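The two complexes that follow have chain A in common; it is paired with chain B in the first and with chain C in the second.
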Partner chain A sequence: MTRIKRGYIARRRRTKLRLFASSFRGAHSRLTRTMTQQRIRALVSAHRDRGKRKRDFRRLWITRINAVIHETGVFYSYNRFIHNLYKKQLLLNRKILAQIALLNRSCLYTISNEIKK
Partner chain B sequence: MASSSVTLSLCSAFSTHCNVTSRRSSVILSSLSKPSLNLTKPVSGFLSPSTASTSRPAFPVAPKFAESVLEAEQETTDVEATVVSDVAEDKPKREEIFAVVMVGGRQYIVFPGRYLYTQRLKDASVNDQIVLNKVLLVGTKTHTYIGKPVVTNATVHAVVENQGLNDKVVVFKYKPKKKYRRNIGHRQPNTRIKITGITGYEEYPASPNVPV
Partner chain C sequence: MALLCSSSTVILPSSSVKPSGSDRRSPFLGLSLTAISNPSVRVGINGNAKRGLQVKCEAEQATTSLVPANQRWMFDEEEANGPDIWNTTWYPKASDHVNTDKPWFVVDATDKILGRLASTIANHIRGKNLASYTPSVDMGAFVIVVNAEKVAVSGKKRNQKLYRRHSGRPGGMTVETFDQLQQRIPERIIEHAVRGMLPKGRLGRALFNHLKVYKGPEHPHEAQKPLDLPIRDKRIQLQK
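After this line comes the complex of A and B, so read on.
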């Protein structure tokens, strides 16, 4: 076997790694071996949290809708609102309802009155 | 919170500022309904298949003002002159109306003159006129047209601007101590459409807006 020096193969790989970990704190952006580990952890967290993000935002929307709906009347809440929504066969999802609640609250009141009838 | 970065100001005056939403997931709520798009090509019209996505689509929905970009450019050239004239002139009036439309399994709040990113519309090419039929809600300054489930005969007209890909997402699967790791990159195809108008809702029973 001819002798082969490894040259810059490893260095090229590690520069990409360095770029990825460039915003990490302390040794996690300076030391190569810890950078590889932290990169793995970062990517795994990102993957897992992309799934969680969907859940988180749905929770946020529900909380927001609930807050606005409670102001609408006594003994009226998110669960009744959603129940009425389905009874009247509306298709608006929670994301849109939360946005409307945030920005155009009178529109949400209109919807909720319309549903209550 | 990411949601705090949403700064769409849909105040009761319907002022149209830049809409910056970092929301990246969409809700696949509608197993009930299938989105349908009409492509008005000169040769033939046909329904296009659509794909689904998460509660926050990987699209960064940042419907920007095409015009505000132009205004910014002008201001950088002539600062003094345009500052005075902007105050004096009215910004070009848009119809103060919005609609909630369902495209690609997701729902969007839509304004005429803005663009948004949707799932890739397979049979659309650039500069195609598109008609979106699933209009769930139309809101004007005084009235709201609430669809049960759809506002009948309401249509949103749009133009396909661009068929591209989302930013790359690295899907990294890893199991510690089991020598298992998979590194995959993914770019979701998307379509950028610009909304030109919202029509056809006038006949539908309207509900007057309740004052806040």
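After this line comes the complex of A and C, so read on.
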């Protein structure tokens, strides 16, 4: 068997890896072996958190709506508000409700008063 | 890969496509000709055949707005042309949580139940009563507690509730009851209670510094003009 060098194959692959890991901290952007591991971890986190992102934002919207609704009445809370929304068949989702609560507070008060009746 | 923006110049290799929408032959490189037949796109075929696909975006995109024409009456002018504030969840900018602009609250702890008081305080410090609540940012207010030595607990907790701490060395655990600690350092009782209710972490430790507890009825923060802390819990006052 004649001697065969592998040439530039590995180097081309590792340059792409280096570009991906170029913003990592310390050895994670300098050493090849750690870069491969950290790239895998980064991609795993990204994959998992794409699902989590949807959950996290819904939690945030619910907390924000809850905060504003509590100030509306004495024994009034997010769960009663949503129940009233569903009873009146109002299709606003929590994202828009949270944005309304922030940007146009009086509009949210109007909505909640209308639903309570 | 090819990118198309609504007003752009697309330069293709000369061996392919004829200019806008003139024929519907097979798409080149996966681009359908309907996409290129947009009247604002100019197709230039020149001698740079070997450079392949190039896209240049022109700076004419400022006039497009996210609001469709038949809904523009609902918006003020600066909102209609600006970035989309309704579909992207609001995140605070640095100017939204400057410490000097945050409200200050004062609570008198005389005869208030310890846990219920700590819970309300922690909610206000964390900012959970605000519509602008963000878990990663300190949006809460400052809270001052006065008369800390008069805080009350129900049942037999005054003699039976234990506060433990450990120095780290073997045999270094110290145990004190509630009233012993109240004789020694009364502020620590309320601080311990509130710290347990704030998040643990860097942000939680920073939030804890927004709590100011004092022994007597006086506090040195008159210059901050603190308001009275609004308490919604009806059972917070000790029933005698």
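As a working rule, the second predicted complex is superposed on the first by the 114 of 117 C-alpha atoms of A that agree within 3 Å, B and C clash if a C-alpha of one lies under 4 Å from a C-alpha of the other, contacts with A are read in each partner's own complex, and residues count from 1 in each chain.
One rule holds in what follows: a residue touches a chain if its C-beta (ideal position, glycine included) is under 8 Å from a C-beta of that chain, and two chains touch if they have at least 3 such contacts.
Note that the structure is predicted; figures quoted are calculated from it, not measured.
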Touched partner set for A:L103, first chain B, second chain C, both or neither: both
Partner chain in contact with A:L92 - chain B first, chain C second, else both or neither: first
Touching partner for A:L60 - first (chain B), second (chain C), both, neither: both
Contacts of A:H70 with chain B and chain C, given as first, second, both or neither: second
Partner chain in contact with A:Y78 - chain B first, chain C second, else both or neither: neither
Comparison of chain B and chain C by chain A residues contacted: B
Set of chain A residues, in rising order, touched by both chain B and chain C: 57, 60, 95-96, 99, 102-103, 105
Complex contact set, residues of chain C against chain A: 85-87, 89-90, 128-135, 232
Interfacial residue positions of chain B with respect to chain A in the complex: 1, 3, 6, 8-12, 23-27, 29-30, 32-33, 54-56, 98, 100, 102, 107, 109, 136-137, 139, 144, 146-150, 169-174, 181, 183, 207-212
Chain A - residues contacting chain B, complex: 40, 43-44, 46-47, 50, 53-54, 57-58, 60, 88-96, 99-100, 102-107, 109-111, 113-114
Interface residues, chain A side, partner chain C - complex: 57, 60-61, 63-64, 67-68, 70-71, 74, 95-96, 98-99, 101-103, 105
